[in-house]
Amino acid sequence: MQAAAEKKVLLKVDHLKQYFPVKTDSLFKPKAYVKAVDDISFHLYEGETLSIVGESGCGKSTTGRAILRLDEPTGGKVFFSGQNILDLNKKEMRKLRGDLQVIFQDPFASLNPRQTIKQILNEAMAIQNVVEKPNRMSRMLELLGYVGLPAEALDRYPHEFSGGQRQRIGIARALAVNPKLIICDEAVSALDVSIQAQILNLLKKLQHQFQLTFLFISHDLSVVRHISDRVMVMYLGKVVEIADKKALFDSPLHPYTQALLSSIPVPNPTLKRERIMLKGDVPSPINPPSGCRFHTRCPFATEKCKAEEPALREMGEKHFVSCHYAEKFR
Amino acid sequence: MIEKNKPILEVKGLKTHFSTKRGVSKAVDGIDFTLHKGETLGIVGESGCGKSMTSLSILRLIPSPPGKIAGGQILFKGKDLVTLSENEMREIRGNEISMIFQEPMTSLNPVIPVGEQIAEALRLHQKLGRKAAWDKAVEMLKLVGIPSPEKRAKQEPFQLSGGMRQRVMIAMALACTPEVLIADEPTTALDVTIQAQILELIKDLQSKLGMGVIMITHDLGVVAETCDTVAVMYAGNIIEHAPTDKIFEHPKHPYTQGLLDSLPKIHEDQEELRTIEGSVPSPYHFPAGCRFASRCPFQQPICHEKQPELLEQKDGVKVRCWMYTDQWTGPVGKKEAVK
Amino acid sequence: MMMMFIIRRLMQTIPVVVGVTFVVFFIMQLVPGDPAVLLAGEGASKETIQAIREQLGLNRPLFVQYFDYLMNVFRGDFGVSLKNSQPVLDEILVRLPITMELAFFSIIFTIILGMTAGIISAIKPYSLTDSTVMIIALLGISLPSFWFGLMMMYFFSVKLQILPVAGWDSILHIILPALTLGAGGAAIVARMTRSSMLEVIRQDYIRTARAKGLRERVIIYKHALRNALIPVITVVGLQFGALLGGTVLVESIFAINGLGRMIVDAIRMRDLPMVQGGVLVASLVFVIVNLFVDVLYRFFNKRIELN
Amino acid sequence: STKSNSGNETNGKKEEAKQGGTLTVVRLSDATKLDPHFITDIPSANIIYQKVYQGLVVPDKDFKIQPLLAKEWKIVNDTTWEFKLRDDVTFHDGTPFNAEAVKVTFDRLLDPKTQSPQREKFAMIKEVKIVDDYTVQLLLEYPYAPLLSILASQEGSIISPKAIKENPENLAKLPVGTGPFVFEDWKSGQEISLKKNDKYWGKKPNIDRVVFKVVPEDTTRLAMIETGEAHINDQVPVTEIERIEASNTMGLYRTEGLAVEFLGFNVKKKPFDDVRVRKAISHAIEREAIIKGVYNNVGTLANVAMSPKVFGYSDKVKPYSYDLNEAKQLLKEAGYEKGLEITLLTSDRKERVNMAEVIQSQLKGIGVNVKIQVMEYGAFIEMLNNGEHQMVINGWGNATGDGDYNQYNLFHSSSQGPAGNHFYYSNPNVDKLIDEARKETDESKRLKLYEEVMQKEMDDAVYIPIRNYEHLAAYNKNVSGFWLNAANYLMIDDVVIK
Amino acid sequence: MSLEAKTEQSAIITQTISHPKESKFKDGLSILLMNKAAMVGAIIILFYILIAIFAPLLAPYDPYDIKLENKLLPPSADHLMGTDDKGRDILSRILYGSRLSMGIGITAVIFGAFFGIIFGLIAGYYGKWIDSTIMRIMDILLAFPGILLALAIISALGPGLMNVTIAVGVYSIPLFARIVRGSTLEVKRLEYIDAIRSLGANDGTIIFKHILPNILSPIIVQGTLRLATVILSAAGLSFLGLGAQPPSPEWGTMLSNGRDFLFSAPYIAIFPGLAISILVLGFNIFGDGLRDAFDPRMKK
């Protein structure tokens, strides 16, 4: 789905910051923070899928949680349908939650083991009061139909289902309240490839059916490529590149994106690629490197990268990169 | 460079069963493969198909009870490991056959400096003195690319990052220059960029040391990049065993075909992914026939009656499927149709 | 770094200790019984009692009394006993070492016996030895300590006459009380050691050690035990706290002049400054022991984050 | 055997023995303070009384008053008593004992600034007048017959005037008297030791030292006696008598005491404001069963709230007979024929709790349902002082051995509450008689007065007398020569350790 | 052993958190049935419960009936466990006493668990200053030498069954609070809690409907082990003379009464002592078994 210019912005994240205080040993030193998300901005169009990729700990989940206000962000604004949801009080927020849903990674941990599927779905509808009581049963059956589960599933407990089935239940729960935006945090990472495929297909199908908008968080680039319209790459709490899927996969501009893409093992033994090997480990987000946060591992880093933090610049049609030398990599 | 065709490890009809209160779980149920010197054998398959149990069986490290090697042979340089005494087995572990585990976080002893964890194996197997073993350990750390290894050797695992810990595991496994290295999902817990480093390292060391490697993973990408041959496991069996390129080009078994099709292709756009319907049979009650039969798009009555053998085809590929036998009565044309 | 941790933890104990004094103070106000009456003794008139009360400063408003007390404590002045007008601190300084000595020997006993039994059990789990040791341990936990103590006294001191009955003069005097006090703890430590060992033996790194070809003995003592001890340390620490509570009974039975008995006597005499001082010191000891345990814990398990 | 000092030491020099050695006495609780003017508890008093401190006079085994520091005395008139003092006595600190010492001691006691809780006992003394170095006169406010008995009590101890002048505070932990033992050391909560006074004016004790050890647990104390770790235990539970008697290392010492135990009614509280109910209960208690069943026949059946050893005792006053029919009848008259719920308060002393249980079971017979309320001593006293109880098991120590201390405190209406009248009894006739008896100097008249007042109290059924105390001590058979006086003080002047 | 044996609570925390991978409870139950030790424990407890229920039918004599002429009779055919110092039948008293002793234990544990659970849930769920405040208060309770706390409480409230129960119950509060808080922290992190939060559920629903049911297993395990300790503690308090009011046949009181006859008529103390030990043993074994049953790792 190529986004037309008049596409409506559903979610706009503006200078979002999420710092977590960490305990220090010193009494006197100032408090240290994990700058899990450090001043990022992006937006989502209605009906599209934006993916966030990046290595473990770069702040993907934190971004999702901040948008959902599962953790209170440290700073910034999150506009949903034009309204800054960070300004809402607890009650208003609870009401709005029907529009924002989430599907988590762990199909085992994301369902209360002591509730039947019926109770799970019923509760979701009851909390948001989206369906009148008498109609709930038929709605539940409808939901099960969407996610491809049989009606008998209703009276069973989560542990009686396989991982893939549980993930479907999670999806049904999210759908139960008629959301506009669904955040999928590693929604398929824990699943075996064959089941992963089923869930990916399902998500795509439902997106079409209900005009859903997805914020899709994953570190699996092949999955991301399959499902997204646009992709955002994060590194240590910062956005390093954001672009249409095609642009990003075909002509990544940030050295980190390039390295990331080249690191993915491809299930094709005939395809021998030139790999960009990164040296070292991801630095700690407590003391992120100065300047460009990637400079410690970047094969092209210069003194400038060490000293100066690059801005997110538009380098092509909706293709934003934060690298001083992005032009060079075109 | 290395003479590749000398078999060092032959697994024949290996069965590892778990007797639990719920019954007997046939985690590994009669698998055969041969590993040659310098070769990398990949074992792939979905979660729970018995990959780890296969590797643990080779070192006789399955948790026992409830696990038990219920049959078969593991021939290492002609000796059957299954029949060795515990003492003889200890001589082999960490010395001639080593193992790298999946979880670098939990597989290192949290309270012992990593250098010591490497050195103790050296002292044991190579009869090195304290100092010599330590120096060798530091050298190993250097070999696996850990910066300032002297310092790191004295640290405990929690002071190292995940990637470094996995390197330590590798250094530990390779310290006594084993002939066989078993890597059980060595990179699953790591980030892609780190994974790339580690895989590169293993490949590199293999070519230097010439050992046979068993690479266990469920990531077909990893297999494609590192392995010479691949064994695909399904429900305790090997269902296909072939050179890597053959598997990826012409997967024979319907399961292998399904598996490859479910992967999103990074270089092409698809609206929908293929999937394999149904689910894996419980290891407590395997069906009488082919274990994949109920999910197989080509299933025939015979598939439900009797289990097919793992048979070598003309092109050298071994596959466990009735389709490739003369008992097959279904449409032959469909064999490749899925592709 | 460890220093900082200790200092911070010590600072955290201040509110706890102040809270303890506060609770003691107000509980003691609720306790019926007037120290002045108890001091005045049989047949004293109301006037006498009033005079005593005045002399002790018990007529002042409660908050004034409490606040004064607190201020004095911060100055290191624990007040004087209502009973005999002696400085509370002097009394505590006599009693505390005795109780600590008792607790120390008990905990040593607890550790040695408990860990040995636990390891023996864990090496061959589900064997006859294991079951026997564990049944004894369970019995140890289930016996009322005062009963156990008296029985041992009867057997070893009265019947066999190999140990003294009571008092606190020689090493021989220490054995029975320490045994009585430590028995339950030893049983708990034994069980903890066992389960912790069994737990550790299931860990991945033990598998790694096996994969290296190490001997079982090395695996148990070098790889497993060190890790298994970490939770045991916590239990020992908690056990130490429990011991402090248990000293009251043991000190009574064996006529040991310790802190626990001092506090109980003081409660009976409604000797508030003494109760305050005693409980304050006892809780301080508890807190410090737990701090010490935390430090040890951190030492053994550096992966544990602060807090 | 254990390495207790007494065991080895004495066994070693068995033959010559008779001299020296350390006597170990085990006791329930520690002393609180050792200043006679401030002591209010027996454990404290027991340590110094007749050991460190001595008074002008002393009661003998029959509780008859005998001379001690005073050689003789005479009653000059109703309110003037004159004492001739010994001239060969010195205090432990070297100060000579004389009239000055007596005056300083009593002046301190009587000075309100001293705030002695014992002051009131001596409130009748107006002045101590020094006649000459070895003669003093006590001038009284009003005639007070039992004066000698209070002088003989531990409160009447004569303290070194030097110690009083120099550092009176210190007396609480460092007693300085004239007695046969000199204070040595006090390990708070653990033990107090005294050593032989080599300069003692009278017959010097046999033993070198005496140690009072605190051993709170009954069983432990006895075990220590049994093994020889200690010599004397003067707080023995009655339940252990058989065991002591059966043992071949232990002996049992028994002696009559001054104290009595009784069941008291709170006459201000319903239903005991009705004398019929009190009488009904009195008829329903089978007292003999208690003496035998609970007390193992330790002590004797009391007929009044005064023991036979106390001056003023009369055996003519008879308690109510055990008569259940009468009891039921009385209850019916009082309107409680359908039964009655009452609470019985007792302190947590074991024998008393046992007694409460027996009383509970006895009263069940007349349809009285008793709820037992066991209180720890402090709370117990508080309840009594606030008059919150209905019925209580209590006792009275009678430390002076004189009827006044008994009757005035227990029954005089001005003693209601803390002073001892926990019956909250108030009878003007009784008050009058007690006041009279207090001033009467003629002994036989006093006796009559007490008999009369006790009969009145009995008629009002204020209490049910239960038991005259008997004091018990267990001793290891290698000691002899100690005795307990009737006020339960341990006397060790003649102790010999084998 | 000591009065306040804070039994292995750290172990409980780490071992029995509900990892809601499967329905812990059902699996736990079935493993429990297979765990022989736990069965033994359960049978012992059941036995005691039956005794408590049927005490009036089983007891050969009136447990309160004082017959001084029968005092201190050794065990015989008439009195299987002998008589006490007031001639009461010890067996009958023990049978009746089971109601009291178990009553104290169970009530105290429920009392402690109730407050402990509430404090623990609130502290664990809300975190931040609420957590630190509550947990500091719990620390204060815990830092009090347990028996002294009980002593003070009983002195304040007066002795008696109810107050003993409260006293030992109060001391259980911080232990439960700690465990509940720990488990809450763990469960709170689970994704289904986030999921239910993002559905807009309020805190009450989340805490009581979604967190509490999933932390029950460590609570139950702690509860049974705590029961054992509480019964012993109550006996210890009785030993100090702070227990049940006479003539109630509470075992601790009987035991402490019997210590006067420890050497002359030991059966007076031995039988109640045994009654306590065996019951405590039962709870300990049962608690252990439960812990194993709920331990997710035992199910692999």
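By written order: A, B, C, D and E. Residues from 1 in each chain.
Convention: contacts are C-beta pairs under 8 Å (C-beta built on N, C-alpha and C of every residue); 3 or more make two chains touch, one makes a residue touch a chain.
Remember, predicted model here, so these are calculated numbers, not experimental data.
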item	value
Contacts common to subunit A and subunit C (chain labels)	B, E
Pair of chains joined by more contacts [C-beta pairs], A-E or C-E	C-E
Chain whose mean Cα position lies farthest from subunit B	D
Most distant chain from subunit A by Cα centroid	D
Separation of mean Cα positions, subunit E and subunit B [Å, integer]	50
Where subunit B and subunit D are represented by their mean Cα positions, the distance between them in whole Å	91
Whole-Å gap between the CA centroids of subunit D and subunit E	45
Subunit C and subunit D, separation of their C-alpha mean positions in angstrom	39
Interface hub residues of subunit C, defined as touching at least two other chains	31-33, 150, 154, 158, 202, 252
Contacts with 2+ other chains: residues of subunit D	219, 376, 378-379
Per-residue multi-chain contacts in subunit B, two or more chains	none
Residues of subunit E touching subunit D in the complex	64-66, 68, 71, 85-87, 154-155, 158-159, 241-242, 245-247, 257, 259-264
Of subunit B, residues touching subunit A in the complex	46-47, 161-164, 191-197, 199-200, 218-225, 244-245, 248-249, 258-267, 270-276, 279
Subunit E to subunit A touching residues, read off their complex	18, 20-25, 190-192, 194-202, 205, 210, 213-214
Subunit C partner contacts - residues on subunit D that touch it in the complex	1-4, 26, 29-30, 32-33, 40-41, 115, 117, 119-120, 169, 172-173, 187-190, 213-217, 219-220, 223-224, 226-227, 229, 376-379, 381-383, 385, 396-397, 399, 405, 409, 415, 417-420
Contact footprint of subunit C on subunit E as seen in their complex	1-11, 14-15, 136-137, 139-140, 142-148, 151-153, 155-158, 228, 232, 235-236, 239-240, 252, 255-256, 259, 262-263, 269, 273, 276-278, 280-281, 284-285, 288, 297
